[in-house]
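Next up is a structure, given as structure tokens.
Per-chain numbering from 1; labels A, B, C and D assigned in written order.
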Amino acid sequence: MHFASDNSGPVHPQILQALTEANSGYAMGYGADAQMETLRQTLRELFEAPDAAVYLVATGTAANSLALATLSQPYQTVFCSSVAHIHEDECNAPEFFSGGAKLTLVPGDDKMTPQALRNSIESEETRGVHGPQRGPVAISQVTERGSVYSQDELQALCAVAAEFDLSVHLDGARFANAMVSLGCTPAEMSWKAGVDAVSFGGTKNGCMGVEAVIFFDPKHAWEFELRRKRGAHLFSKNRYLAAQMLGYLKDGLWLDNARNANANCDYLAEGLRKAGAEFLHSPDANMIFASLPRATHQKAFAAGASYHLWDGGLEGPEDELVGARFVCDWSIGQDQIDQFLALL
Amino acid sequence: MHFASDNSGPVHPQILQALTEANSGYAMGYGADAQMETLRQTLRELFEAPDAAVYLVATGTAANSLALATLSQPYQTVFCSSVAHIHEDECNAPEFFSGGAKLTLVPGDDKMTPQALRNSIESEETRGVHGPQRGPVAISQVTERGSVYSQDELQALCAVAAEFDLSVHLDGARFANAMVSLGCTPAEMSWKAGVDAVSFGGTKNGCMGVEAVIFFDPKHAWEFELRRKRGAHLFSKNRYLAAQMLGYLKDGLWLDNARNANANCDYLAEGLRKAGAEFLHSPDANMIFASLPRATHQKAFAAGASYHLWDGGLEGPEDELVGARFVCDWSIGQDQIDQFLALL
Amino acid sequence: MHFASDNSGPVHPQILQALTEANSGYAMGYGADAQMETLRQTLRELFEAPDAAVYLVATGTAANSLALATLSQPYQTVFCSSVAHIHEDECNAPEFFSGGAKLTLVPGDDKMTPQALRNSIESEETRGVHGPQRGPVAISQVTERGSVYSQDELQALCAVAAEFDLSVHLDGARFANAMVSLGCTPAEMSWKAGVDAVSFGGTKNGCMGVEAVIFFDPKHAWEFELRRKRGAHLFSKNRYLAAQMLGYLKDGLWLDNARNANANCDYLAEGLRKAGAEFLHSPDANMIFASLPRATHQKAFAAGASYHLWDGGLEGPEDELVGARFVCDWSIGQDQIDQFLALL
Amino acid sequence: MHFASDNSGPVHPQILQALTEANSGYAMGYGADAQMETLRQTLRELFEAPDAAVYLVATGTAANSLALATLSQPYQTVFCSSVAHIHEDECNAPEFFSGGAKLTLVPGDDKMTPQALRNSIESEETRGVHGPQRGPVAISQVTERGSVYSQDELQALCAVAAEFDLSVHLDGARFANAMVSLGCTPAEMSWKAGVDAVSFGGTKNGCMGVEAVIFFDPKHAWEFELRRKRGAHLFSKNRYLAAQMLGYLKDGLWLDNARNANANCDYLAEGLRKAGAEFLHSPDANMIFASLPRATHQKAFAAGASYHLWDGGLEGPEDELVGARFVCDWSIGQDQIDQFLALL
């Protein structure tokens, strides 16, 4: 009954297998390996973007921070959701990599609306040289609250950015889960909607530690390479990053994993609904934010379930509602969920 | 005949095996996994340092830059060899992570001498608030030119640092190769000699991508953790970093790998010497810097050998001496060397 | 009828006179001048703080940014009002000088309340290493909206900071105006209330360009000096900064200027009130934020008045209310205000 | 007998007078004042550069650091003399403002030679993404050792930079002294020679604290403005910076001051030569670096002379040669020099 995070599960065997297969002989270091060349072409085809610049790093924070640093200037502000990972969970990494750019939090408790984004953009850069200048718009898909922007919503946000001539970065730590949820193509969920750069996650969906950064306009390529090296995120043995992601993309494993996670999440959500949970956000992919009485959580934790709580956690009146986050990772089975739901 | 780098060889099977064994069930993320706890104790015992703070990152540049940033202030200067990796090969990463600290290059073409280090230290901070302040001393062991500081030399450098109350960082990307060369213990090559923090390399000696950072004084621990996270170098699936290093340390693999590399390097050096090579530095571990006539390099490359050249490389008069770097990695066999030497 | 800013008026003649008197013979540079020594003692006595570290810079942004950078770490967040000058009007200078620290905006449209501050502090640093760590609290006195914290309010904010062991910086760009408004002593409005460091403004109150930074705990002194030099804010001819501030403090000029500005502001506020203005904030010192019908602004601007407008400014329906900021500087006379009020 | 520095003398009365004349009525802040507009045109004419972007800051370190940050990227290296002010005397300000760019020290003990510069440039950026990339060339004119590049030398250095497509910054803290020494025009000593941006000093030659930064290509203008504001170097009461520099340029005062300083320096050098001094560098402008026996320095200091010493200063054997720096500022008179020479 592990619902704590999609980064606490194991690596998918197919990906471990890819690592093993890559482990033969010499390979040029720092991205000049053959796997990387294959992967580059694979991702370009997948995204229908033959000129895209494609890079690998090992953490999502690196992908996001380096991409945003490449798209911004230190005297600018990045527009993002007030609950964005880049704001809440990266210990100032975007500020660090960008050289001190600011994050402007678009009001709201989950998805940004086009209107709220517009208001935030309009309220910045009204003070000439005194305030920060407008910088890129950062969108998370899946959001940090487990919801997914529809294609229309995504396009509308990008249209606002385009109106102000701002670039758009998509934090796709759970790109596959969102895509499967929407039933669209990678291109539709990125450049066709108006996105300039994507963090294409692998780690949360069965890889060991690898994220791709894709710039649809290759003019950013060299600057990104230098920033990646300067940020100590260029791997000497890059082939093992490339191999992971090749294993991840092979035979649609990435989509299978995401489908499994999302389906189990649906199943869990349905069970929680029946058990009287109140949903705090729409569980559109593989994460559920919901409230249950504290007594229920106490029972679940006593039985060995693990997930995140707030509102005081397990301590307090039994009948008080306590918020919780449930994450289904690729490896979860329905049996675990049944076991959990049986407790409620 | 691959002598290009010790990061182009494969991962040792025992380390892949450790990854596979770690790949079971759930594990808490971000360093709270059981493997990490085991590794922490293992490294503390290995270094005879029960209070040491032990962390993992995936690249050597991250290990060096984060350690130095933790030991320094942005208005200080770091003292290092003029050919240090942190100066030449990290694309300003130390300057980036430290917030703009300077590197003061101690004159010399390889090892720092205590006298040259002292001169450099004395010539800084003679200008009050106007110049950078004295910061940590950074030593590479093995050096970037393949030589190894003797225990006496290491202690003498640390003594100079201590005299000025400066901390000492040891870049041990090739820690094992140096230790095997000296025949000393990890503690003797670090805190017993006066070193405050070590980058303990795994990647170049058979791992996939993992380096430990060890602070012998744990007061630096929390700051390092924050800097690591802010630098996007905290792995969510940290267990796979820990597993690599546990596999690396198990049954003395790390020493066996280093012994093999160093022994083959000795063998190659002996062959090169017989073939008339001029040594540019003392080949004390697993790297050789030597000059050979261009015609010899042309023959070797034509036969498929690969290693680094300068002085114009393969283009130019045949009898001109051309400098080359030969690196023996853990996986190299004597047959490859024999094949190569047969060409000379 | 100049109400645009308290930095567009002239320098007080007494301060120019002090510059002229300082302009004789040689003086040691970089703060080693005799005027600086005199000023240091003067400010220590004024603040009843015999050990305080006292420095001069030429801009308010430098004073704030350097003080906050000295009190914070790059992986921390500074707590401030959502309309703080450091957030809105310094083009990311605090982020720059701190090396990428974040600003957490305490909700509200002017003064921070102790409860809102506490909520903001409590909501940070609940994520271990993932989120930014709690850093200093930054208070503006006078606020950017022209109101003044009472002694009780100031103490209550500092008490919240102290509870979490956070330091407090006071942006006193209009220190004199606030003090005159409260009728308290410099010490009461700073360290006695719990403030650790003050930006003590001169520029807006009759100086040419000088601000003091005062740390009540001298342990910050040397770091500040290095940060000031590294930030290019150490003046070689520091005596002319010191002379300005000595001229400013002499015979209570600083208080006279502030009293004049505040009294004229009261007088203007009274006139605006009679003319039907709606006050957006409490005009406690020398600034008024108020709404008037657009037609009134049009008439005033046509007659030569100057001040800041928003809500579309002069363009739009005549009867719409349009927000405005009126600032009275030290040099303003009642006649200008009468002339302006006669237009309304 | 004050030869310590050209920033310890007084402000020229004509400049104080300009400040007094500027001190009337209201003026728009932050550079929108009328004096600034006049000055911009004056400097454009003076430099025969009608499109130049012209800005003011108050310190030389600000001028240099902001200009270099505008011309460089954080993953680049700036090429400069090993004794450049930006390296030795700015406490890492260039590293700070550039976001961590490196300084590559061109070997030599004073002026850079075109060959040494070329060698340094060629030795960088030979390592692909691993080393810092080539960035701007920074030239000091007058150098930190008191010598002046001839027009030919300056052009030759700029030609090397141009060959590698690198921009050139000229640190002209003593621009007037160099120009008077060469007998050339401002344009000849800047853009006509190949310089892209100049720090045009005022402070050391009679101003209170003002330096202009001039970009001959205005494309850098807006970025510089943002960096200046973010660096806290935009003055609210900018008119007093502009007034200083207008007073400085009026009726050729800047050239008169420099001529006086240089002439007195020549006179002092001649006297020192006769007294047996050994010159360490060519005293081409207003600074002399020379060795004299310690006994001579002891006598001079005992009589009240002040200047910088090294080689142990006043302590040591009497007959040992001790290096000294003598600076003649604009205000020095021949009588002081005669008084000093009489001591030798």
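We adopt the following convention: a residue touches a chain if its C-beta (ideal position, glycine included) is under 8 Å from a C-beta of that chain, and two chains touch if they have at least 3 such contacts.
Note that the structure is predicted; figures quoted are calculated from it, not measured.
J.: By how many degrees does chain C turn when fitted onto chain D using C-alpha atoms, rounded in steps of 5?
T.: 180
J.: Would you mind telling me which chain pair, B-C or B-D, is linked by more contacting C-beta pairs?
T.: More C-beta contacts join the chains of B-D.
J.: Measuring centre to centre with CA averages, how many angstrom lie between chain C and chain D?
T.: Computed from C-alpha means, the inter-chain centre distance equals 34 Å.
J.: I'd like to verify one number: the distance from the centre of chain B to the centre of chain D, where each centre is the average of its C-alpha atoms, in whole angstrom.
T.: 41
J.: Between chain B and chain C, tell me the centre distance in angstrom, where each centre is the average of that chain's C-alpha atoms.
T.: 50
J.: Would you mind listing the residues of chain D that make contact with two or more other chains?
T.: Correct list: 74-75, 90-92, 96, 99-100, 129-130, 133, 226, 229-230, 234.
J.: So in the complex, the part of chain D that touches chain C is made up of which residues?
T.: Going by the criterion above, the answer is residues 2, 4-5, 7-11, 13, 16, 19-20, 23-29, 57-62, 65-66, 90-93, 96-97, 203-204, 208-209, 226, 229-237, 240, 306.
J.: Quick check on the complex: what are the chain C residues that touch chain B?
T.: The touching residues are 30, 73-75, 99-100, 129-130, 133, 223, 225-230, 234.
J.: Considering only the defined contacts, which chain A positions touch chain C in the complex?
T.: Checking each residue of chain A against chain C gives 74-77, 88-92, 95-96, 98-103, 105, 127, 129-133.
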